[in-house]
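Order of writing sets the chain letters: A, B and C. Residues in each chain are counted from 1.
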Amino acid sequence: MLLDFDKLGGLKPFLIGLTVLVCLFLILPIVFIAALSFGSSQWLIFPPPSWTFKWYQMLFSDPRWLWSALTSLKIAAIVTVLSVILGFLAALGLNRGTFAGREALRALFLTPMILPVVVLAVALYALFLQLGLAGTTVGFIIAHLLIALPFSIISIGNALEGFDKSIEDAAILCGASPWEARLRVTVPAVSHGIFAAAIFSFLASWDEVVLAIFMASPTLQTLPVKIWATLRQDLTPVIAAASTILIAFTILLMVAAALFRKGRKA
Amino acid sequence: MVLSATTDGGQRSIRRNGSFGYVVPALLLIAFFFIIPVLMLLMRSVLEPTPGLQNYQELLGSTTYLRVFLNTFTVAGLVTVVAVVIGFPVAWLLAIMPDKWSRLVMAIIVLSMWTNLLARTYAWMVLLQRTGVVNKMLISLGIIDKPLALVNNLVGVTIGMTYIMLPFVILPLIGILKSIDPAILRAAALCGANKRQCFTRVLLPLSLPGIASGALMVFVMSLGYYVTPALLGGTSNMMLAELVAQFVQSLVNWGMGGAAALVLLLVTMVLYAIQLKFLNPNRVR
Amino acid sequence: MTQPFLSIRGIRKTYGQVTAVKNVSLDVAQGEFMTFLGPSGSGKSTTLYILAGFQDPTDGDILLNGQSLLSTPSHKRNIGMVFQRYTLFPHLTVGENVAFPLRIRRVGQAEIAERVKKALKLVRLEGFEDRKPALMSGGQQQRVALARALVYNPPVLLMDEPLSALDKKLREEIQFEIRRIHQETGVTILYVTHDQEEALRLSDRIAVFSQGEIDQIGTGPELYANPATHFVAGFIGDSNFINAEILSSADGKAKLSLPGGTVIDGVPMHAGKAGGKSASLLLRPERLSLSSTQVGNGLAVTINDITFLGNNIEVSTLTGSGESLSVRLPFGHEAISSISRGDQAWLSFEPKSTHAFA
């Protein structure tokens, strides 16, 4: 009866109480940051003595913040495109191929996601120093592509798993070339997987900190690197403003994903 | 060497089966920018400054570094235990509560998970500082009379890391608990077991493989964490990932950096292997 | 008045707007095998769950030996139950599963071993103590579940469609085992099923559930020979229904006019709504006679199809007004040789053996 909600008895208030506390624990820091970003106190006193937009003004008037945001956007966009293309091809190969060692290969492709990022960051940094890629956009993209690719392979792989290949064969019998069939039949059929791959790849790059710290140079910084560098000096409310914009962005993505899922069901 | 072996094998496979070609671009990326650099780093750990194992001797022999290992395992262990103890009841409720409520809680969990890591860590830096809300609340409630040091120590790291790891415990556990048939618990009750007995003798043993698997995953993730310990922890209680970064960034000691990275890598891989071999929840039942 | 062993009194259960059980009352004697028979959603399982304590009734009471059970939580009711799904504890062996209720009751080790052995012997699974449930067939698992439910000698055993996941042959085999175990142990059994054959084979008495209520309680032959409602008549045994016009009715007997114009008298009449003009007449396929010429009370029909069913022949026929009626004749019946598809024929029956429902 422990798994019957209506028959939990005395456990019910305990479980509900704990869950409410955990929800507060998870949501309050986020709400708190958003509130502080509009507070007037330089020392982040809460509740704020009065409300202001000045941290946002400071954020937007500093070209370094804007520039780092644009850098983040650019890198994340390129990583997303490459990750989806490479991920689609790799998932197709793993899904359709009959060659030996596919399981081992799949595991290899997913390893960058589960290993400590700092190991990958240090190793790549060493290599890029030798290749002259350290502090370059190309280096950044390669580093982020490594951790975005597993998300694409998983998302698109799952979608391909649920797609009957004979539909593609039918398109070929109708006269389409294999690649035409793939683009016109398979790609639309797994579009939800591609969409998920794109969102996850984008977020993987956009939010990534550790690799970015090692790949960055004084002239090439993504938004997380800029926040990191500022944070190491002081806790200025400008970071609260930047964080709030990032949080708003996250909520927007979540809503978009939820709407997309709803649209697919309807 | 590794590279040529891979491509040779690849070409033979292409002739046998065209589908292999699809994975080649991803494979090249992984080979060039993942396998090779990691191997090179490991080579440097035994070659620099002179060939030999002296880097590992120093790393595993000095009390300074042993304290780092101890810190790392303490924090990871603490975070894992706290996250599981708090996360299990939440997952339990989410597995059985009506959908309309669980959807709201899930949205909160996912929102916190997707929120930028630095934003979340920043929030805790502000909340836990000496003049922060947590200290103020504790004082006004009369629990303490002067502010506690909650950041730049293990307390801060543990709170911040637990915050990040909770969703990784809760989400998989929901699936595990949903896969247990409620009728089994009903049968236990009719057999005479009271709530405590139903829990300790049936529900807990049945969810234990899932708990162990989730706990191990969180433990491994915590071991290699860099950002949160670096910002919420103090210099006196450094964790392994910070040590790796410090060797490379501040000390430019690639030999020691490589050695520390290898130790971290090895521990991670061994724990994952254990997870796959013994604790894969899909294999139980 | 003697006190009934188990008494269900006016049980009602609603979920918001939905009423699952409307008003269920029945008494069960000690040692009786009582089956709740009905289609899914008829309230039979909900009633059983209320007995087990998994759900609380909105209204009503349940008495065991005159004591109300409702305030007792499930784990103290000392009731045994076998579920529709497999509910053995997957982390325990068969022996540990059967021992579980005894361990909870802090029975001594030696006695546990002895009683587990006895319980497994009862379900013919001696020597399976160390197996894990996952390695056993569905039938074996349900037998272990039965042993686990009986090992603590509960006064009442509940069974919620325990055989519905098994195939037909296995089902019949275990039905036989259940019957034997009931006789050997003398435990009172409440059994839920939607399968009339299973109910008829196992039960002392059957309570037929329909839309949250009990339509009728009785032995199998009683329900078959004397159905109280149209629903019971249709659910127990095979049945044909045709519409008839009520000419007059008195003392539970009616005079009816059939579609072909034939008038029959002395038909047992049930649940007659005052002033109702039309009735539904139950004609059991095996109580109909078929002949090529008109004899006695009956209907003119056309032969539609003849199907051989082993020891029976089923003849499906159409009346002049287009209603289909099936007739069951023993193999080798003389009427078979003289008819074929499309022939005109005559169906006759004894009015006393039919039932009309208004």
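In this section, a residue touches a chain if its C-beta (ideal position, glycine included) is under 8 Å from a C-beta of that chain, and two chains touch if they have at least 3 such contacts.
Only a predicted model underlies this, so the values are computations on that prediction, with no experimental measurement involved.
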| item | value |
| --- | --- |
| Farthest chain relative to chain A (centres taken as mean CA coordinates) | C |
| Top chain pair, ranked by number of contacting C-beta pairs | A-B |
| Approximate Å spacing (C-alpha centroids) for the pair chain B, chain C | 56 |
| Rounded Å distance, chain A centre to chain C centre (Cα mean) | 58 |
| Approximate Å spacing (C-alpha centroids) for the pair chain A, chain B | 17 |
| Of all residues in chain A, the ones touching two or more other chains | 1, 4 |
| Set of chain B residues in contact with two or more other chains | 181, 186, 189, 198, 202 |
| Shared-contact residues (touching 2 or more other chains) in chain C | 54, 74 |
| Parts of chain A lying in touch with chain C, wherever the complex brings them together | 1, 4, 6-7 |
| Sites on chain C touched by chain A in the complex | 54-55, 74 |
| Contact footprint of chain B on chain A as seen in their complex | 1-5, 9-11, 14-16, 18-19, 22-23, 25-27, 29-30, 32-33, 36, 43-46, 86-87, 89-90, 92-94, 96-100, 105, 108-109, 111-112, 114-127, 142-143, 145-146, 149, 153, 203, 207, 209-210, 213-214, 224, 227-228, 231-232, 235, 239-240, 242-243, 246-247, 250-251, 253-254 |
| Sites on chain C touched by chain B in the complex | 52-54, 73-81, 83-85, 87-91, 100-101, 104-105, 134, 145, 148-149, 152 |
| Residues of chain B defined as touching chain A within the complex | 13, 16-17, 19-23, 25-27, 29-30, 33-34, 36-38, 40-41, 44, 86-87, 89-90, 92-98, 105, 107-112, 114-127, 129, 131-133, 136, 163, 166-167, 177, 180-182, 185-186, 189, 195, 198-199, 202-203, 220, 223-227, 231, 241, 244-245, 248-249, 254, 257-258, 261, 264-265, 268, 272 |
